[in-house]
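In the two assemblies presented below, chain A is common to both, partnered first by chain B and then by chain C.
Right, the complex of A and B next:
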């Protein structure tokens, strides 16, 4: 396991006009678990291939424990990878699959057999050791593939490329737990690449959001939810993502869609964007007290029942914008409502400006 | 769902197929079986001899020699063409116009009529005017496929390799193209060298296509007739007389209809047996 650092890494494919990755910095602590989250085309696969050495960066440095490995190819970098679908040596049995990366590195037979048994034990697949790889179920195969990635005791970095994609939904959590546990026990440095934010947010301590070849934010799941660095991150993280409505700073106070909520700001006057998560706001029937933003309910979707009351997503219209709210369904389509915001953030020029949350007396304090 | 009724009318539906198969396969085959049990002097004079012709054929040293020769030839064909075909497939470009171009280029020998292939090599290897033969002669190598059995074998084998390796290569190429890139990437990360990649990634995934390749090449080489007939005429002596050739000389050349028929039936059964063995293998492969 190693500390992994990327410094100003850029990559452009041969013949391509634009860079796939541009001036990328990333730092993963030794034994840490880092997720790379991005939609397709964000450069995730390229970044993976740069880390594993299947591609070499056009410029910049990749450091493992301070040592520059940018020019080393895949075989000499000591990186392992778990792919989207299970990649095994199908003609070999499970034990020999697990031993394979040790054998190519010249580990004595007895040692590698012991290590394979140990790793199989950690993953709970000892009983599969004698089975042929091609006879296994998809789930078992992916477990073995994970085992093969973790088997090298000195592996610098383990890459996971959406490893849960091929597994049936019911077993995803099981596989995720096994993976997480093995990571902690074996202390491997892991980078988990996915477009699925639930996987990223539940698996990793630190998440980097990748967008158009750049890391737009790195932080903990809470950071990404509470203080998104940009409007892109705000909308991309969360399902549904953050609601964004037009705002304005006028006379030292923040207006949300033209309505004052009693929030004092020191920023320069002018337009801004106000964001709030579906969990941060609540639509209540118009006529209630307290500051809020008037809106009209356009749709409700039941997603469950809590204390005998249906809960779900309320869609409401604020002028031209539609917003989503996660709440009890005590309003119906067509209702005129007031949106009460418990928490909100403001963006200017696409970048994070400031955040507030409502305190007990109904006023807002800076978050 | 429509009601299911059992009706004998359906038999009339399959009647055309039964008739076609009967006339094209079963009746000619039964004619041969009929011939193989008789001694035929002329159109009106024939004697039933039971299994005599079979016994005689199986004791005929020339038949046994041709059979051994045939076995050796087919083995040599497989031993040379399979590895060579895989090697060619691995060397071909993976994509782009170069790949298409090379595929068409190596497929060319497959498109040439068999007797033309024989003629090409008959001329190509001639020591007096053939490019290969004359070149060898110029280098001082005494190469003459009409005089030396070894040279004749080499020429026949080279010709078959030239004619058919492309088939193995195309099959292997298709098999290789079907391997997802991730398998190569995983092997690279695992530190596997070229041999290990071939042994543990490519070969297992080529299994099915290679079984097909073996089947096709074995059957085809076992029935080879035209090319050696044109090239060497089965000579020198009987050095390149394979089963088909001997059969033809027996039936057409000497007009020994009874023995030739018995030979044909045995030949047919042999091929049928090989087919069955391979069918079993392929089916077992499909179940795994």
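Right, the complex of A and C next:
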């Protein structure tokens, strides 16, 4: 298990005009579980290949436990990878597949077998050991592939490249739990790459959001929800993402879409963007008490029932912008409503400025 | 409707099998019976014709010659095509697509075009009338074919297999021989089949580039008009034996052939 550090890593493919990754810093604690989240084309696969050594960085350092491995080839970095679609040596049986990575590192036969059985036990696949790899289902194959990655006791880093894509939805939870358990028991350092935020948010302790070849934010799932570093992260994380509406700082107070909510700010006057998550706001019928932002309901979508009342997503129009609210469906399409915000954040120039949440007496305090 | 199509199918099968059947029955009859008249089932079946072939050096030497250049050609083609196909499938290099297409266009030239240059060249360097001469000439056609087939099978194998092997610490040679080759063995079978069949049935180059020493079986068969007239029975027996290697190879690769067709490369 190793602590992994990337310092100013850049990569440009031969013949390409632009850098795929630029000046990237990343740090993963030994035994930690880190997710890389980004849409396709953000540079996730390139970063993965740099970590595994299939590609060498154009500049910058990759450190495993403080040792520079940037120039080492894949075979000498002691990194294991689980691919999107399970890759096994199809002609061998499961036990041999598990032993293979140990064989190339010169471990004696008896130790190899013992280790393969141990890892299979951790993953709950002992009964597959004698089967041929090509006879397994996709789910079983992926389990074996994960076993292969975890089998080397001294493996520095385990890379997971969207390992749940090929698995049917109903078994994703199961595989994720097995994976996480094995990670904790074996103490492996893991980097999990995905474009699926649910996977990233439920699996990893720390998440780095990748955008256009750069890490735009690293933090815990709560950090990403509560304090997104930029408007991009705010919209990208969460489903639906954060609502963004125009705001302004005037005379030391924050206006949301032109309406004062009684929030005092010390920032310089000027335009800003106000963001709130669908869970942070509630549309109530116009005429109710308390400060709010007037809006008009354009659509409602039932997603369930709670205490015999329908709940779901309310879409409302706020001037030009449409926002989503997750709440009880006690308003209908066409209603004039006011939006009460429990929590909100402000961005200026695309970057995070400040956040507030409502306290009991109806006023706002800085979060 | 159903009945009609059934009859049509059976009719077509008979049409396909009839010449084969006739060849086999002819091989089992003596010359007098063959010339005498129509006989669907041989009245006096005999193996004398086959005995003649296995006893006469002109005949069995012909078979040996054919087999030696065909096997040589298949070996060279597949050994050359394997690394070439791997390169086309896994690496991007300057002009790779054009080169790949050019390989295919090579197959569009009729073998007759190359007769004269090969004949002149081989005579000059002393290769004329050897199995190697025919094998090399056939390689001009079979190597592109094998590359084309193998590339299809290799590209169907996900690249992550290569990457995993690299992470496991295998060198390219070990990976290629011990992991990759077993994965695409079906493709190798199909490539072997097509190289073998091309070389086995090709007559023009084989006849022109050999004299008396390396005379192939197909040429022996065209020269069986002797003083006593045509030796029908022996000729038919030779025909039957000529079909056997092809049938054997088809039998071994029949399952992989289907996959090859599915990949659109055969």
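One rule holds for everything that comes next: the second predicted complex is superposed on the first by the 367 of 367 C-alpha atoms of A that agree within 3 Å, B and C clash if a C-alpha of one lies under 4 Å from a C-alpha of the other, contacts with A are read in each partner's own complex, and residues count from 1 in each chain.
Basically, contacts are C-beta pairs under 8 Å (C-beta built on N, C-alpha and C of every residue); 3 or more make two chains touch, one makes a residue touch a chain.
Just so we're clear, the structure is a prediction, and the values are computed from it rather than from any experiment.
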Putting chain B and chain C on the same copy of chain A, do they fit or clash? clash
Is A:139 contacted by the first partner chain B, the second partner chain C, both or neither? neither
Could you tell me which stretches of chain A are touched by chain B in one complex and by chain C in the other? 52-54, 73-75, 79-81, 83-85, 87, 89-91, 100-101, 104-105
Interface with chain A, chain C side, in the complex: residues 158, 160-161, 163-164, 166-171, 179, 182-183
Complex interface listing, chain A residues touching chain B: 49, 52-54, 73-75, 79-81, 83-85, 87, 89-92, 100-101, 104-105, 134, 148
In their shared complex, at which residues does chain A touch chain C? 52-54, 73-76, 79-81, 83-85, 87, 89-91, 100-101, 104-105
If you look only at chain B, which of its residues touch chain A in the complex? 180, 182-183, 185-186, 188-193, 196, 200-201, 203-205, 288
